[in-house]
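What follows is a set of structures for review.
Next come two complexes built around subunit A: one with subunit B, the other with subunit C.
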Partner chain A sequence: MHKVRITLFLLMAAAILVLALIAGPRMINPLAMSATEREILLSIRLPRVAVALLMGMALGASGAILQGVLRNPLADPYILGISSGASLAAALGLLSGFYVFGRSSVPVSAFIGASLVSVLVGAFGWKRGGLWPERLLLAGIGLNFLFSAVLMLLMSLSSDEGLRRAVLWMFGDLSMADWTLIPSASIFIVIGLGIALFRSKALNALILGDEFAYSLGFAVQRERLILFAAMALMTSASVSLGGTIGFIGLLMPHIVRLLLGADSRLLVPASAIAGGAFLCFADLVGRSLMPPLELPSGTVTAVIGAPYFLYLLRKKDVLGV
Partner chain B sequence: MFSAYSGPILELDRVSFRYPGAGRIIDDLTFAIGGGEFIGLLGANGSGKSTILKLAAGMVRPDRGIVKLWDRPLAAYRNKDRAKLLCYFPQHLDVSVPFTVREIVGMGMYPYDIPPAMAVDEAMDTVGLLDKADVYVTNLSGGERRRVFIAMTLIQGAGILLLDEPLANLDIRYQIEFLRLLRRLQEQKGISVVMALHDINVALQFEKVMVIKNGAVLGIGAPEAVLTGPMIRDAFDVSIELRKAEHGMYITHEKWF
Partner chain C sequence: MKKLFIILSLVVGMSYSVSAAEPALLPTRIISLSPATTEILFALGAGDRIIGVTSFCDHPEEAKKKQKIGGLSNPSLEAIVALKPDLVVMTTDGNPQEVDERLRTMGLRTYVWTARKLAELPDGIRGLATAIGASAQGERMAGEIEKSINRTRYKVQSTKKMNVLYIVWPEPLLVAGPGTAIDDAIRLLGHVNVSAKAKTSYPRYSIEELIREAPEVVFIGKGSGMDMQAVSQGILKKLATVPAVRNNKVCYVSDSLYRLGPRVVQGIEELAACIK
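Up next, the complex of A and B:
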């Protein structure tokens, strides 16, 4: 039964990937492509689908990790201020004429900002030789408010067109996706995901509480730090790829828990796959619904995802969600 | 390796501890647990029972003194090796994630690279939860959840169990069944148990009790010798008269309210 479900789940994810590649404002038949279509597929569709897949995977896995590490079903990577910190860094970079990285300046400063905020959240969450979930969460929420406020302030004071673009980009825009950032971002995401998979037993144990995790032979604080770092790495890479996409980090792990179960050994990879496939699907809908207008993927994910989540919540009898 | 050793298997030697910023103190505590020994730890709320268990488990490190497991400093063990010998069972079980019973019980295997002899099904059967193997723990009652974690502990298979109020939330049937299960494990596998309690009548069933007040030992020994009326009034700070019934159980003399 479980195996059937997992197989179906994987098949669906694969089907969505293929569909996202061939469908769109212009349908492409991969078996009979014209030169133009080949060009569209290779330099527009493929990088865009790759970015959506990578971002969705990073966010889905990050959410699953963070909800476990913080022992809080309402946790998601953005609540810790990582996205607002990234947006602020990107905006500051643009304002100060920080174009060192050429076309990649916005994503690179976003990545640096996201990583710095992760370290900052970690530093505030650190006491007596370890990270404490409540402290992490509250520190993250505090920093989130601070960065959002400063960003608002910058926006209201500045008339810089570039800044406005950067802020729009931060709200989740995949239309600019190209190959430039994919190699470096995918390295970070693969490393983060690898660490999380390797530590998924520890994540399960941490969910039972520090005391059980200790009793089962885990170095609680070390495991929490490693998992937090893996989450921060993936989230930072994701933000730099295409800005802030909501819903996936928070609710995808819950959907996967309801469909496939809560065991982190399955939950982390399945949340990654589900997040990736879902963002590809949302992006496909966003760009196909009323071309040439594009709906921002961050909005589409929530519009499709939230009702489905609410339906599952009603249908399944699980007090824990 | 162990056969040549006949001393205590877990030993707290002149251990002192204080939580940062808190007044609660364990002061110069020394006690030892021998193989196959059952010790009931009795004391009022806040007397330091949980802290003593956490010190014995190595979850908190003493400010002074040393904790030894099999005559070797507990801190010197690798985490996984320690987990095969020593199991700590916390007082509060809160799981908000919908793991199934089977998933949690299976986590008892985590310290092992090669799964131990006791199968997950057998452990669930022992605590009477085999028919609920695939139920979410979030949908179980408090007592059932406790039994899930007891089954996990069985899989973990440690020889020393440090249990913090394991009988809380259990109705009398499962209290008795749990104690009998521990007794069976003691007879079959020679496990040692230290159990924090607050029920005097349960403590009377143990071979050895230790009464704690303000982090220090008020008395230790056989319950008949230690659990006297004055001792209990002192430990729990309550002025009630106690009377022993024929079968050894305590009953209070007067109406409480």
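Up next, the complex of A and C:
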């Protein structure tokens, strides 16, 4: 039964990927393409699908890790202030004329901001030689409020149209996806995902409680730190790829849990795959629904995802972290 | 004694109503809540009567020296009232209607600018000019703009229709769609705005649809304080196969057409010079 479900799940993800490439405002038949269609497929859709897949994977896996590490079903990578810190860093970078990396400067400053915030959250969550879930969560929420407020302040004080528009980018935009950022971002995401997969047994133990994990022979604090770092790495890379896209980090792990169970060894990779496929699908809907207009993917994810989540919640009986 | 008091109060009342009506005819303390109306007021020669502008009002140069009363969507009511204006000029395109209502309940006089299309500009100017008691200047300015529009219309009758795209911001891609002065200007010049069928004024546009629409000329508008050449590298790379980019028909233009004001004539000329 489980194997059938997993196979179905993988097939669906693969089908969405293919569909995301050939469908759009107009269908493209890859076997008979005009020069224009080839151009659209190779330089617009392919990088876009790749970015959606990477971002969705990073967010889905990050959410699964973080909900386990913090033992809180409401945790997601953004609640810790990572995205607002990234947006703030991008805005500050633009204001101070940080243009060292050409047009990658905004993503690079977003990545730096996200990483710094992760370290900061970790530092505030650190006490008595380790990270503590409640401290991490509260520190993250506090920093999130602070950064969002400072960003709002900057935006309302600034009369710079350019800055306002550039920060629009932070609210989840995949339309400008191109190959330049994909290699470096995918390295971070693959490393983070790899760490999480190797540590998924420890994550299972952490969810059951520190004492339990300790009795099973896990170095609780070390495992928590490693998993937190893996999450931070993936989230930072995803923010730098396409800004902030909500819903996936918070609710995709829950959807996977309802469908496939709560074992982290399956939950982490499945949340990654489901997140990736789902963002590809949401982006496909966003660019195909009302052409030539584009709807921001960050909005579409929640509009499609939330009803499905609520439906599952009604239907199923279990919901555990 | 009582009679005298009544007469006295009548006289005082009358003189009060006269002094209240006087500035209504010729306002001397004007606040402008949008960059476009600020430019028009200056062009009408009312610059020295302006006492407050928004932080977006950066044209002409003297406007920057005026006291700032906040942004377009969030002007500070307190700052406006503190300046004791006798006329507040605002627009339906950017200022919240609530501000107008609040100002009027506080007894301040407002003038609401409603023109959004190029064709509405001359009459808009006449109306505003009358409100500030400068109808002669208004008539002259409106006439000049009308003349220039007619001249352009006459000139373009023989030109070949081209597909034109106007990029307002490259990432994420925002273009000038229908209902903007830019769209009006492109049509006035006898060309086709490729994004005219979009449903909003500044739509977030699909890049792949744009590649299919193959614009022959691309304009990139100036964003304040940004190096547009650097910011638009990415989008031009995406549009590399489009005729405009292939044939080097990409022009960076000023922000003249973003504001429906005295500089639109210059903005239209800029577009015309590039398409040629």
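We adopt the following convention: the second predicted complex is superposed on the first by the 319 of 321 C-alpha atoms of A that agree within 3 Å, B and C clash if a C-alpha of one lies under 4 Å from a C-alpha of the other, contacts with A are read in each partner's own complex, and residues count from 1 in each chain.
Going forward, contacts are C-beta pairs under 8 Å (C-beta built on N, C-alpha and C of every residue); 3 or more make two chains touch, one makes a residue touch a chain.
None of the values given here were measured: they were computed from a predicted structure.
Q: Answer with first, second, both or neither: which of subunit B and subunit C does A:Arg135 touch in the superposed model?
A: neither
Q: A:Arg45 in the overlay: touching subunit B, subunit C, both, or neither? Say first, second, both or neither.
A: After superposing on A, A:Arg45 lies in contact with subunit C but is clear of subunit B.
Q: Please work out whether A:Leu208 is in contact with subunit B alone, subunit C alone, both, or neither, and reply first, second, both or neither.
A: first
Q: Looking at subunit A, does subunit C or subunit B touch more of its residues?
A: Of subunit B and subunit C, C contacts more residues of subunit A.
Q: Pick out the shared contact residues on subunit A: the ones touching subunit B in one complex and subunit C in the other.
A: Touching subunit B in the first complex and subunit C in the second, no residue of subunit A appears in both lists.
Q: What does subunit B use to touch subunit A in their complex?
A: 20, 57, 59, 79-84, 86-90, 92-100, 103-104, 107-108, 110-111, 136, 138-139, 149, 156
Q: For the complex, give me every residue of subunit C touching subunit A.
A: 54-56, 58, 71, 74, 169, 171-174, 195, 197-200, 203-212, 214, 223-227, 230-231, 233-235, 237-238, 240-241
Q: Can you check the complex and tell me which residues of subunit A touch subunit C?
A: 24-26, 35-36, 39-40, 43-45, 99, 102-103, 156, 159-163, 165-166, 168-169, 173, 175-176, 178, 287, 290-296
Q: Okay, in this complex, where on subunit A does subunit B touch?
A: On the subunit A side, the touching residues are 67-68, 71, 73, 128, 201, 204-205, 207-209, 211-212, 214-219, 257, 261-263, 317-321.
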